[in-house]
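Both complexes below contain chain A, partnered by chain B and then by chain C.
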Partner chain A sequence: MIRTTLALLVLSAPAALADEMWVTNERDDTISVIDTQTLEVTRTIPTGARPRGIIFSHDHKVVYICASDSDTVQVMDPDTGEVLHELPSGEDPEQFALHPDNRHLYIANEDDAISTVVDVETRTVVAQISVGIEPEGMAVSPDGKIAITTSETTNMAHWIDTETQKIFANTLVDSRPRHAEFTSDGAELWVSSEIGGTVTVFDGTTQAEKAKITFDLPNIHPDRIQPVGFEFTPDDAIAFVALGPANHVAVVNMASYEVEEYILVGRRVWHMAFNRDHSQLFTTNGISGDVTVIDVASRKPVKSIKVGRFPWGAAFRPTN
Partner chain B sequence: MRLRAAIAALMLSALPAWAELTIPVHYLRQIVPQPPTLSNLDPRPERLGIDGASLALADNQTTGQFLGQTYTLEITEVPEGGDFAAAMRTALAATPFVILDAPADTLLTVADMSEAGEALLFNASAPGRRLRSQDCRPNLFHTIPSLDMRTDALMQFLLSRRWTGLALIHGTHAEDLAFADALTNSAGKFGLKIGATKEWAFDADMRRNAAQEMPLFTQDLGRHDVLLLADEIGDFALYIPYNTWEPRPVAGSEGLRPVAWDRVVEQWGAAQLQSRFEDLAARPMRPLDYAAWAAFRAIGEAVTRTGTDDPAALRAYMLSDAFELAGFKGRPLTFRSWNGQLRQPIPLVHAHAQAALAPLDGFLHPRTELDTLGLDAPESGCARFR
Partner chain C sequence: MMRPYITSLRAIVGREALRFLHQRERFVAALVRPLVWLVVFAAGFRAALGLSIIPPYQTYITYETYIVPGLCGMILLFNGMQGSLSLVYDREMGSMRLLLTAPLPRGWLLFAKLVGSTAISILQALVFLAIAAAFGVTTAPLGYLTVIPALAIAGLMLGALGLALSSFIKQLENFAGVMNFVIFPMFFLSSALYPLWKMAESSEFLHDICAVNPFTHAVELIRFALYGQLNLPALGWTIFATCAFMAFALWGYDPARGLTRRKN
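Right after this comes the complex of A and B.
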């Protein structure tokens, strides 16, 4: 018995040593785990129905998965892939953000025009906040005081006071806002608009619009340039913006709000995540069913990795 | 206390400085006699179109609550032989925003009423060419795609498959003939050839003997790759697949159908619209529902962005480059400046899935590929819309 356990440990040990990129496959109900050293898929883990948003706890002990069609957030042990329990997420959870306190999940309930706040320790719903139609993007400010929900059909970013769990401001953005993210100092909030084809930059304190970033690719009609997910480098110098069916990631200078470059990736690029030292960026490409690995320094795609059907979310897991 | 004051100050600064607005919208439907069909499997839902407008009301209301804007929806159904013009006058006395489900002649009558001069009217049902061409009106927008948009979409698909030899069977109703005419025009536009054309002239009940009659009926169609069916009221076309003399796919009113909307459309976030609609109406969303939804949402979008209820200002905004409607078809929807038609992709669907979404790759246009579908500016004889 002990020998069997040891043998298993030995077998699984190499995988556990390397860092991992976790990718949700929306139409396969699985997660593909990619070894960030070898760039191979090492594990495929079953999930609930239609997994989309994925996020690790700040201590990386558990991973949260929005199983949209199962109407739940699953809490998984990343070592074993075992679902430990489920959280009462409200209907059709799509994206979420974890408060800096590592305890409160802010969840967008896409079908219900509601954002749900869940305490992951007591596993109870702390608040439900009425927002616009089709809430999607979620963000929490670095100081934890503000949560953001974007609603796709209402075309707004809703600013929520995390103390009162009430909306205190609403800012209009272009059509179909998808993703929201604060800069690391909280000074700016960025919101992407898929159908509008823009990213709006707000002042994190006054909610005033500071800039609107537009994109322009030769030979691709503006209608096909649809900003979705994005990530900032840790120094808030460069933003990488996925452009959906334009099949490119834009490299945006965060000081000038100018696009410096476009990187060709797979088809209908959704979301992305960095590896540990931010030298590589992994993008999920929904239609081509793969992940593109971008070398951040040279801004070149270096590899495509086949994953499951319609990869959607990506989250990085350091393993030591 | 200080925090609360700070938050109140934030609220004031962050909310757009729009005045409180109430936007009443009227949905006006002319009930028309439905010709009998061989099968009653798929009856017309009673609230067809109305449910679409009701969903848009909910969507607009949710947005409006954050901006101090209130939307209302009044619904009037005029019975067969009823006084549609009187109903229109009543509607216009309360609002300049009217969504219409009525035949083309009726639309023109009410659009020409003096009371409607400053109004914004939306045609959600009539697909005919003349409303977008010589009989266009400056106060009449169209959210239902024209027949030409749908048949162009189908021809793009057939051409991309190189299925260029076509045969056609059409019914005898005015809708069938108009659709057959659009199919013929579109085939010419994209260089496809319609060979044999037959009129559906059976009066037997096909549920019993389609298997015997159809092979004979289709035996003399000659060589063709695809059999086109123009049966817009849903009478005979559903009995033709698998009963043809030659083993050929069918398209048009049955088989592969070019539509404004269908329950199988699920990409580009459409699954969310579908599930919201199902929750509201307990049935799948149909093209008329979609067109009514798009009309009311277009009003809502223009009001949200401009903060006004002035119809002239809203009309100008809807025709400007700034306007765009997220219509769950993968691209922003906009209005054509020459005839008020809502530009939109056309799904090509069969019973259980979407086969393609037009415009297809490779069909190019200097303005937008969406203008490869339907009447482009030079083809439209509309002089009065601009």
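Right after this comes the complex of A and C.
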């Protein structure tokens, strides 16, 4: 038994060697590429101005980067780091979500109060949807039927029918919603509210509010608890919620909606991404300019890796 | 040939163990002190230190995590001084004279004494680490093994300091003075409570004092060992200080030249 495990370890080791975590550095206009095995920065790639949101295509052949101050979404070859072309994203793209069809990119245009839908193959704008003021968070349901935009100033999650590209429902959330995400079965939508300090959970089919999660850290002023990015384990059992200037990541039980633990990370923790087997979680810490690696099983921070200035988004890239 | 040596070592260590068993409140007291620091003092600073990453740490840590090695050092320091106290007590009671008249080199007798008290110190530090772990302040599992040699060297150093001091102290009453002039400056002017870079922020002079304080190096040796790493400069400093204190103790206890002659 032990011998087989060892053999497996030996066999799988070279395969896992080159997996990468891509992190956008908002202030440096670069991407830091971290080797998920050695936990070291192996490449720094220049991008457009103020890179924030970052997603790989579902086949990981290209990477999409929101270059917010260049008003464009850049499409990059992850092997060479070369920008292949740019997509017409509308002004100030900040976050986006890729439809399961691997073709339609839903982009929030913060300054324009619209969401833009871009066809990445024809490189054209398919639709522009008027939403609330300062749209930020973006999500597409696993079945691809619903897209969500959250608007920071209107404090709403807008539910968009991806057939008609029209809003069919609006749900109120607490102040300054930042990030939205569907659970893997699409049964729930989670929305974080940065100023409100809460995460609201909606029923994915009825849009009814199911729960509201609050956070309470001893010795940290409630004003500094600002939930932003969050990630779910693949079994939808545990949610990790980045608490911004509280410098902690909350571990939330997704069945009871209770916070089980808080993990100390770097300053102003923003977004996160898992590695291949979801054993490690990488958090971007804006002010301290580093990425903290959390061991998911033990819920302990393992290492903080220096990257560029103001790391913002993170995306995982398997390399084989 | 070696038998008398072994017998004396066993007898002296045995006496230390016996003394330790008879003074269980001493064992508890030695644990309560660092635990109060850990639970009460450190709690107030929970978020204050998560600002900078210094080796051996690889990421941000809470203040509790930071002060654990310093509190291990505190246990060793107090035990070293306690050893000194018991020597002064032995001298007053007369059992010391009995011990020192044994037909063996005095250095060996003092060394045996040191080994006995250090073994007890290590035990206490390990119990403290276990309780800290129960409070959620943990390190890598292997760290609990690698810390043992570091605790031994640091314990020998502080025990030797206690021996050296005991050759000076004539009466039990003077022990309070040792507390004020040795334990407190040694503990506070070290990296036990704050990292050296933090000291440098308030005063370069304070930083320099801390940097030469052997207790700082004992604490850093323990700190790195808790993460399975060897801090060579700290090891060098600690061994050097151990030898210096031991030499001083030998000189102090040497009947021909030492301070004991003047007293008797």
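In this text, the second predicted complex is superposed on the first by the 303 of 320 C-alpha atoms of A that agree within 3 Å, B and C clash if a C-alpha of one lies under 4 Å from a C-alpha of the other, contacts with A are read in each partner's own complex, and residues count from 1 in each chain.
Just so we're on the same page, contacts are C-beta pairs under 8 Å (C-beta built on N, C-alpha and C of every residue); 3 or more make two chains touch, one makes a residue touch a chain.
Bear in mind the structure is a predicted one, so any value in this text is a computation, not a measurement.
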Fit-or-clash call for chain B and chain C when the two complexes are aligned on chain A: fit
Contacts of A:292 with chain B and chain C, given as first, second, both or neither: second
When both partners are placed on the shared chain, which of chain B and chain C touches more of chain A: B
Touching partner for A:219 - first (chain B), second (chain C), both, neither: second
Chain B versus chain C as contact partner of A:302, first or second or both or neither: second
Partner chain in contact with A:74 - chain B first, chain C second, else both or neither: neither
Touched partner set for A:168, first chain B, second chain C, both or neither: first
Touching partner for A:47 - first (chain B), second (chain C), both, neither: neither
Which superposed partner A:206 touches (first chain B, second chain C, both, neither): first
Partner chain(s) touched by A:154 [first = chain B, second = chain C, both, neither]: first
Touched partner set for A:265, first chain B, second chain C, both or neither: second
Minimum Cα separation, chain C to chain B, after superposition on A (Å): 10
Footprint overlap on chain A, where chain B in one structure and chain C in the other make contact: none
Contact set on chain A toward chain C in their complex: 218-220, 247, 264-267, 288, 292-293, 301-304
Chain C residues touching chain A - in the complex, by the definition given at the top: 43-44, 46-47, 50-51, 53, 58-62
Complex interface listing, chain A residues touching chain B: 92, 110-111, 113, 132-134, 151-156, 158-159, 161, 163, 167-172, 174-176, 194-197, 206-208, 221, 223-224, 245
Residue ranges of chain B in contact with chain A within the complex: 3, 7, 10-11, 13-16, 58-59, 62-63, 66-67, 269, 272, 275-276, 279, 301, 304-305, 324-326, 330-332, 368-370
